[in-house]
Amino acid sequence: MKTGKPPLNTIKLLENISLGSAVFAVVLCVLIIVNFIQVRRADPLNSPAMTVLVEKLQNDPSNDQLRQEIRTLDLIARKAFFTAQWQVRTGGYLLFISILVLVSCIKAIELIRSKLPEEPAAKPLMFWETRILKRHWLVYSGIALVVLTLLLAWLTHNDLGKDLRNAGSGERGAGSGERGAGSREQGAGSGERGAGSGERGAGSGEQGAGSGNSATVISDTAVTSHQSPVTSHDSATAFPSWKEVTDNFPSFRGPGGIGVTERTGIPTSWDGKSGKNVKWKTPIPLPGYNSPVIWNDKLFLSGASETKREVYCLDAISGKILWETPVQKIPGSPSQVPGVSKETGLAAPTLTTDGRWVFAIFANGDLIALDMDGRPVWSKNLGLPANHYGHSSSLIMYRDILIVQFDQRNSPAVIGLSAKTGEQVWKTARNVKISWSSPSLINTGKRMELLLAAEPSVTAYDPLTGKELWSIDCISGEVGPSLAYGAGIVFSVNDYSTLSAIQTGISPKVLWENNEFLSDVPSPLASDKYLFLLTSYGTAVCYDALNGTKYWEHDFGNPVYSSPMLAEDRVYILDKKGMTYIIKADKVFSLISQCPLGEGSFCTPAFTNRHIFIRGDKNLYCIGK
Amino acid sequence: MPNRREFLNTLMRGGILAALGLISGSVILRSRDKNACSGGFACSSCGKSQSCSLPAALAARQMVWQLDPSKCIQCGRCATNCVMTPSAVKCTHAYAMCGYCDLCGGYLKPGTKTLDTAAEHQLCPTNALKRKFIEDPFFEYTVEEELCIGCGKCVKGCSAFGNGSLQLQVRHDRCKNCNECSIARNCPSQAFTRVPANKPSLLKSFGKEPLEDAGRKGVRNA
Amino acid sequence: MKQKIFIIAGLVMLAGVIAIMLADFFSSRKADKANPYDYKMGELRKTDSTCNGYIEQLTIRPALEEIHAVACGAGDRIFVAGKNGLEIYQKDGKPDGNFRFEGLASCMALDKKGRIFIGIQDHVEVFDQLGKPCGKWNSVSPESMLTSIAVTDSYAYVADAGKKIVYRYDLNGRLINRIGEKDPQKNVPGFIVPSPYFDLGIGKKGELWVANTGRHSLEQFGDDGSLQSAWGEASMSSDGFCGCCNPSHFAFLSDGSFVTSEKGIERVKVYSPQGKYLCMVAPPSAFIEGTKGLDLAADSKDRIIVLDPEKKQLRIFVKK
Amino acid sequence: MPAGKESEMRKIKPLPAKALKTPAGKTATTVILTLVSATLSTAAMAVQRFPKPEFESAYTQPQTLVPLPRGEFLAWMDVFVLVVSLSIVTWLVLKKRSRLLVFAMSVFSLAYFGFYREGCVCSIGAIQNVSLALFDNTFALPLSVLLFFILPLVYTAFFGRTFCAAVCPFGALQDLFAFKPQALGSRLNTVLGILPYCYLGLAVLFAATGTDFIICRYDPFVGIFRFNASFGMFIFGGILLLSGVFIARPYCRFLCPYGVLLNWTSRFSRRHITITPKECIQCRLCEHSCPYDAIEIPVTSKSPESRPAMVKKMMLLTILVPFMVLISGYAGSRMQDTLAGADSRVKLAKEVMALSVMQDAGNSIQDDSFEIKAYKTSGKTESQVYSEASAVLKKFYIGGWLFGGFIGLAIALMIGGRMIPVYRTDYVTNKGRCFSCLRCVDYCPVKS
């Protein structure tokens, strides 16, 4: 404790020093920050100028001047980098020293000046008042905290846990019951997994055994780095990735049901009568207008008569019928034979498969799921469709959901069923007339959309939830043709109606319309640039997909019921007599070849690498070597 | 009244001390790290280092941060995320693995035609990797630690095109051994781990290539 | 009043500090994800898709724990060897037998009689087609690391990456001579094998070819060890061999063309018998990044069998 | 392998002098250099599997050298210094009652624990190590770290927060900068006083789930101690120090999670510092001496609220406590997703999920993030990633309940504490909040 007068001079001096060092410190701070920002903005080690120069040199290796320039720039850059670092470091030390001086000066002043504080002015000591105040503030802030937390929670809540569980269980394809436990078991050894999938009985036969025994052979896999061996090998119950789906031909009009296949090496000439370029030909026991679907080397078909319904599996390599499973004893199956037209038949809808199971639906509403060895997994009857020509919408799958378009007279709907159990996952009522078209799955770049066409509208649904995404009224009549999709545009057509091009996206709208040529049965087909429309009387027309300019039309002369397919930039058109016209997918008409099948056909061909599969009236043909 | 307050105080204090004792006891007895225990500071005498069940906390093992090169994907975050500037992670050269190649994937920019030390050919942004001719056709590569910023560019080149003898490692003379390593937090491949201070290196070495190497990368999944 | 200003200033700063903490903690910081020093290898792995002359026809997934060597036998049967065993497949991929042995097979060859020569680390073991052992050759050196073996009617050639030399044996395992030792007189530069990949093969006319990986070339030797010819150049683009040391493996087509595989930029290519680049069999995108040791074999129909050790597959490519 | 060769390889060779240059020069003695291949005998064997090129010139292969970390005995030295300085400060506070000496000790602690030891591991950060070790028994907690956590608490249980007075480098640094401390008023003190509880709760939650050590991540002064940190850390520390000019010790009072533990322990301390050693003469000189608003004024008047009303309120509070805990616990559990979003495993799962959705939709991703690249090379399956993430999420659900409940309980207890009747005639320090800095003692005219 000092007594007497404080040494004013010393204090003054100290104050000046502290002021000086404070100013110095502030200046240093600014300098360091500026330096930092400079380095951050233009990292001398990563100058784009340098990259450009080096690229130039690689194109012109003999340019010595350029070489010299690079070396100089490099030297400068490295120097700048290390100088900047040195500057920051030195600046930091100086800053530290100046602050040290500042603090010691202030402490010294405090020490010198320290004196007894003045007695505080006598003011009322409001202890209890402040106490109550504190209590209230605690209550307020507590409430505020909880409200804020809840608000934040609701604003940011994203059901992550549910998503994770869904994603986890989706991958395993397991039902809801074993979700949590199931995904945690995943770490267990592969042997155990193999056994597990065997017990589950579904999709296990071939693949489960494959993982346990010596080897699994999968042919016709394209060169791809995306495909992981484990997805198809280990987890036999996981749904296939979209890539695997597009590598196969799992549904009517190919993956997604839009008539486009990415398979290559597709034959362009054959003759079914002489057997030229026909690998094999197998008679199919029961008739049906459904088209073949293929997964790896298994091909699936169905056939029906008034008394029997059967599903067939053929070896795509040899053409041998591997199994045929009768569809019988389905609970709720109506005893009456549905009234169908001759041109629809009792087995018009095409099957679908995901490599684990195959699904078939018949005109009487029987729906069955079989495993890859033909053993029934589940079956049900959806009720006799009120449909005067006969139900003909094909099946399609997305992930673990089997989608059924059930546009009948009474309460039309689209239904999503669990592929594993057949339980209904979602069902969305549709306010439409009866239709005979088939669903399509498209990827708009942002999401997958399930597209359905029936009077009066083309409607898109979320395939996972069945939620309606958009709907445009642009179609009428008894809609038979399915949709086409290309260049982000959906094309719908029906006879006595109109051809509409619908731009997809956030707010879908009709781009252009035309009703010069219309189709009754065959679906339209779109490439990236063109739309190919085929009328049921056999005229093919090509439009510009974007603006509807007509490029050409050509009359093949014979009626066509099969839908055209696009493969390797060629359009395959199969008429009712069995003649396939192969034309270039181009704005100039150019017929590559025409190949007879030797018998009539209503069906749409299926494709694998180097092979085409065509179902004729009686036989299934494998075209290719 | 004061007595009662005093008593309550003592009771609470006793409670707090008991809780502290409980926490330390359970922490000491529960944390057993058998890996950290092998041949270590306190265990070297017992002779059964692998099966030692001495609680790790009692073995007083300091843990330090290290980068596991077999998990490293050379994302470059070691250079930018370390609390130190330049980073405490630097390239270390495991000479025993080096092929002494003329065309060094870690030294030269890809597509370089003339194999020399010219600035325009060097991959290293700071010129920290040095090339020295030994004899035809071998070149020795050394890392100048003062210059290395741990960006891992050379490491990526070497592991892709060469033997992977250049590897990133935490240099413990620079590492501050933060309680939580800032690089570890940002490491995309969880390559940073705490290792016992008496075995601070995780340099990988030959022999697992190519015959015993299948387990390292594993099979990638969907 | 002054006091209030101080308090407010202090509080504002404190609030700033807490705000910084919260913002930093809950922001995802996308900008941090870019790497200023990124070595962009993706560009190097891109290839012109028009020069793909082959298409993958068949995939075989052997059950062995690890696979390292593939060879083609009579009737285009495919043999694959790896850890502790060997498997045989028919040409269409159907399993056709297997047997087990001890050790890690690193290379394999078959002779006319169907005997299987397997290099296991530092020595060669011989089996018949049923897996009955019929010979175990002596190890040359404990440092040996056999990476390739090829068999003609009378000799077996073995590449040793450890000693960086090729041995010529007779079919009973008697060492005859060494090939490829550095010899300036004979103009033999010697093998540079910086990484444990060192392949050899027998060409169309029965001549010996060895991959001198460190020089990025394929060299042809006479039985006496004389260097006959060589070709190959280093390049990141598809006409040359990339990285420090490639090709890691090669095989011959029936017309004497070379099929080569590389590590670093994983790719399988075909060169003419004169060493002119012809086409790509499998581009880098067909492999998992970092795959090393793509052993090759070709059958009588010139189907190319690529052993993919990362995916654990035999991938069979055919001409488009 | 020839024996001679092996012994040659196991030879320990010192690093050239140049490499020994370390920034501070101090670690030079502690750096022991070993031969890497020698420490890993399997690796030495493996190297033999593929020998180096055979050089014809006289070239000998250099040996790869790695510096060893700081010696373990130094950790024990830290513990020793901690014990000694705690004892000295306690003695200075309780016996010597000298502000100047305490200040001198704080400068020493700042120099040793701050600038020499560079602030790591500190007692504050050790909270996280202990909580992680409690929940994850693969995490090895060195005894020295445990002692850093325990010792200050034990001292506090007996002698008050002498650790804060002059041992903690954070406190010492901020104390230096308390140039113009302002009284904050009861409202601000109360409301800001909730912050440390939140910080502690979050720190324990994130540490116990193995997500993050947020105390260390937002350690404001460690960069200053090291003269090296990211720019953000410097700014952070700088702002905090600047605000500390007016709000004395802002970190200690309104952020420090360890302070919460010390506060509660100190309330029941056996011998806490008193302002006056003898009888208070009611001179009121100390009333405004405390920069931390920790001096309680005498209360001789009666509460304006009637006693039965207070009892009623107290009972109401007791009934309400479980509800408060439940409500805030529920609020905390609702934060589950947001909180777990900070975890790298959850982040990865989110990214993988987004990726698989994109892939299922047929889109090919041009440029994978590094996380995705690492995931692809790691060999983990998608469902492994998901199940790991949902396990973490579950932990956060439970943790969210506990965290929310803890905050609710803390607020309830604080309210309850403001209801207890008070009667005192002297000026006393608040045992919980007092840092034992002895400023008030300096002002007290009564000396022993």
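Which chain is which? They are A, B, C and D, in the order written, and residues in each are numbered from 1.
We take it that a contact is a pair of C-beta atoms (placed from the backbone, for glycine too) under 8 Å apart; a residue touches a chain by one contact, two chains touch by 3 or more.
Note that the structure is predicted; figures quoted are calculated from it, not measured.
Top contact pair of chains, counted by C-beta pairs, is B-D. Most remote from chain C, judged by the distance between CA-atom centroids, is D. The centroid of the Cα atoms in chain A and the matching centroid in chain C are 35 Å apart.
The distance from the centre of chain A to the centre of chain B, with each centre set as the mean of the Cα atoms, comes to 39 Å. Chain centres here are Cα averages; for chain A and chain D they lie 46 Å apart.
The distance from the centre of chain C to the centre of chain D, each centre being the mean of the chain's C-alpha atoms, comes to 52 Å. For chain D, residues that reach two or more other chains under the stated contact definition are 48-50, 53, 217, 228, 338, 341, 356, 359, 369-370, 377, 381-382. Counting partner chains per residue, chain A has residues 45-46, 229-230, 241 touching two or more of them. Multi-chain contact residues of chain B (touching two or more other chains) are listed as 75, 77, 85, 98-100, 111, 125, 206, 209, 217, 219-222. Arrangement of the chains shown, judged by which pairs touch: all-to-all, with no pair of chains left without contact. Those residues of chain A that touch chain C in the complex are listed here as 43, 45-46, 210, 213-225, 229, 233, 264-265, 609. On chain C, the positions that touch chain A within their shared complex are 36-37, 52, 55-63, 87, 89, 92-95, 98, 282-283, 285-288, 311-313, 317, 320. In the complex of the two chains, the chain D residues touching chain C come out as 1, 48-51, 53-54, 180, 182-184, 188, 192, 195, 214, 217-218, 220, 232, 235-236, 239-240, 242-247, 250, 254-255, 338, 341-342, 347, 367, 369-370, 377. Listing the residues of chain C that touch chain D in their complex gives 3, 6-7, 9-14, 16-18, 20-21, 24-26, 28, 33, 35, 42, 142-143, 145, 161-162, 164, 192, 194-196, 289-290.
Within the complex formed with chain B, the residues of chain A that make contact are 45-46, 53-54, 57-58, 61, 67, 70-71, 74-75, 78, 81, 85, 88, 228-231, 241.
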